[in-house]
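To keep things clear, I will list the structure first and then write my remarks on it.
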Amino acid sequence: MAMSGRIAPSQANPAQPGASLRLRRLANHLGLFLVLLVLWETGSRLGWLDPLFYPRPSAILRSFWLVYFENANIWWHLYVSLGLVLAGFTAGSILGVGLGAVVGLNPLVRRYLQPYVIVLEATPRIAVAPLLIAALGFGAQSKIAIIMLVCFFAPFINTLSGVMNVPAEKLELFRSLRATKWQTLRKLVLPDAVPVIMAGERLALTAALSGVLVAEFIQRDQGIGSLILVYTRNLNMASAFACIFTLTIIGFGIFKGMELLDRWIAFWKHQDGRERVSAARARAHAEEA
Amino acid sequence: MTAAQADAEPRRAAPTVVAGDAIVKTFANGSVTALDRASFDIPKGAFVSLVGPSGCGKSTLLRLIAGLIAPSQGAAIVHGREVTGPRPDIAMMFQKATLLEWRTSLENVLLPTELSGTVTKADRARALDLLNLVGLKDFAFAFPAQLSGGMQQRVALARLLQTGADILLLDEPFGALDEFTREHLNLELLRIVGEFGATTIFVTHNINEAIFLSDQVFVMTPRPGKIAKIVDINLPRPRTLAMQLTPEFNALAEDVRATLGAL
Amino acid sequence: MAEHDLPQRSTPRSYWALSVLPHLVLFGALMALWEGLSIINVIDSIMVPRPSEIVSAIWRLYVTERIIYPHFVVTFTEAVTGFAIGATIAVVLAVASSLSDVFQRYVSPYAIVLNVTPGIALTPIIIAWFGYGMGSKIALAAVICFFPIYVNALTGLLQTDEDREDLFRSLGGTKVQVFFKLRVPSSLPMVFAGMKIGLTTALIGAVVAEFAQATEGVGVLMGRFSFQLQMAASIATLLSMTAIGLLLFYAMEFLDNRIVFWGRENRMARVSRARAKAWQRIMHK
């Protein structure tokens, strides 16, 4: 690891299998997957699985076609749900990071807030959903409030601990250099906490997806959650599964997207990020000179 | 200054820049004495080591001089003024490199300048010169995670010099490194602080290292932490590794060890 | 920045006065403020019930009418049973994955799919499959608590210390011995961390499934009170969920404390003393 960067070109990890082996493994995975699908399909056609409750892969595939193209009804619900997720996540996580920083930097506030945090941590936050709907009424605002609530906690806790766990010797360095409080915050505490905060944001975005579903299960008006509910009620399980696999894809997108964002923001935690930024800064310096 | 010190070498005639006036430091509401009446005078340009086992108060003394902690009684005096907090003429280096992982070597070296004002082109040039001086010319844009432990400490050393302070306090700066790297960095440290004419106070628990580097060794003993003896090191400069094998060196090491052993 | 707090020895009495009393005073003041603002109509007392109303709702639910207990028991049972099922499957799969690379390779894509899918989305389907009773709640709890436990247990089992494993091999230890005497104990802290997360998620699973469709459980009660705009009773019910959460969490913490004693200094000292005593008894026999 040491002295990488400009001297040694980054080598391929020796533990990484070769291209042909990887291709073969991928084929094996796909093969296994197909075998499972065929077993499921034939099991259903032979009457071992009730297709009413356990839809066949072929039926699910057809439902994908239906909900996306023939009826094309899923788009609107996706738009509604994802809009709510975005709004609630943004508000909730900004609130979480902001409050986490304030609380983390104030020992007194921290001390007095701690019991409430413990209680809140043990409460299933999503359970507040019916209460919020009752208080704020049906509609987007109560849904956003629910998402905010489930998004708030992980960024809050992570920011709090990130801000508190700055290594003591680095704080001492800043003190010996007579840094102001603001400088210490901006140049040491916040950057140091960024990787932990990003981990919190990742959890929050995942929670936001769950939050919108619960809100829609209860309100049952529109959105992907209510769509799943309606399809299931009508025993159209194949379409319900098409919606759920859509959520799988969205979830995967969130996972990968947050990973990319993390590599971009907390670049120094990843080897490729370090090399990229290091080269870019050297270039900028050379241009300036 | 004692009479013995005054007539030793010409450099000893240099004015005192760091002094301790019966410094006492207690912790836990006075129940633990970390440092008991430490008094000393350090002349300009001298290299002083604080040596002793853990709990002897050497790090405490260093932090008192740095102004990071306040004494319970007495005072540390630097350039004739009592130390009441961190100051621009005093800079400190730690056992851990304490580099900021999200900054390149160059940006880490520039940190002190950045914290005390705006960074000019001249500052950048000077930081690059310092990286050159510590042998890291080619690593100016590398991030700490791309450097070995020894290289990280070199960056920290360049950052120390970038402060422009003439009193350098080093708290076991190479203690976490392997023996070979440490020896090598010690030689470079001597060359560099010699070049800058800085007054250096160096904390270590390694007796040989302390003698090898220093003009004076403060031998410290624990419970309560105090300076048990000040040993003058009259070995010629520049120091070479071969000097560690001479009878004079061994006699000095014996002296320090005897002081530490006679607890 | 926080100053280093030096450990201060204080008597129980001053501990009470210094650390508990200010919290109580603050809590009381906040409640009084809330009550006061509600009385002068700054806070809408229908939407945000007064503390006094919440207290009286708690009194009614828990002491006079005592209607919450059966629901409490139902939800508690659902969460714990679901957790037990999910955790068992997770640990078994994690052990198998840690022992066989091939197994891990073929299981991990499905585990990832399960992880990125919001488990809550399965609620309606699981209810259709397992019915309106406790079965569906247990199933949902099991499904959504599976992943954190699996991933933590697997990470714990795979974090190998090469040196220690070399030591075992140099002593002629078999694979089975390495597994039981080295890997399992060193994975336990991670396993418990996963279990603590899993317990909380299992409770969420049970409650959400109750919101969707059920006849019993604190989730049902909460939904009912909310729709009747009985906010005070609804909050009192919410607190019972907190109680279940705390109960489960501290039960796991207790187990963690007992089993992973080497991670805690005070426990370590006690176990050390106990073993010394046991040793002496053996010697005297």
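Chains here go by letter, A, B and C, matching the order in which they are written, and residues are numbered from 1 within each.
Keep in mind that, in the parts below, contacts are C-beta pairs under 8 Å (C-beta built on N, C-alpha and C of every residue); 3 or more make two chains touch, one makes a residue touch a chain.
Source: prediction; values computed, not measured.
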{"item": "Distance-maximising chain from chain C - centres being C-alpha averages", "value": "B"}
{"item": "Which two chains share the largest set of C-beta contact pairs", "value": "A-C"}
{"item": "Rounded Å distance between chain B and chain C, as computed from the means of their C-alpha atoms", "value": "50"}
{"item": "Whole-Å separation of chain centres (CA-atom averages), chain A against chain B", "value": "48"}
{"item": "Between chain C and chain A, distance of the C-alpha-averaged centres to the nearest whole Å", "value": "21"}
{"item": "Contacting residues of chain A [partner chain B, same complex]", "value": "1-7, 167, 169-170, 172-180, 183, 187-188, 191-192, 194, 266-269, 271, 274-275, 277-279, 281-282, 285"}
{"item": "Complex contacts: residues of chain C adjacent to chain A", "value": "1-2, 4, 22-23, 26, 47-48, 105-106, 109, 112-113, 115-125, 127-129, 200, 203-204, 207-208, 211-212, 219, 222-223, 226-227, 229, 231, 234-235, 238, 241-242, 245-246, 249"}
{"item": "Interfacial residue positions of chain A with respect to chain C in the complex", "value": "25, 28-29, 32, 53, 105, 107, 112, 115, 119, 122-124, 126-131, 133-135, 164, 166, 168, 171, 184, 206, 209-210, 213-214, 217-218, 225, 228-229, 231-233, 235, 237, 240-241, 243-245, 247-248, 251-252, 254-255"}
{"item": "Chain B residues touching chain A - in the complex, by the definition given at the top", "value": "66-68, 85-88, 90-92, 94-96, 98, 100-102, 104, 106, 111-112, 114-116, 138-149, 151, 163"}
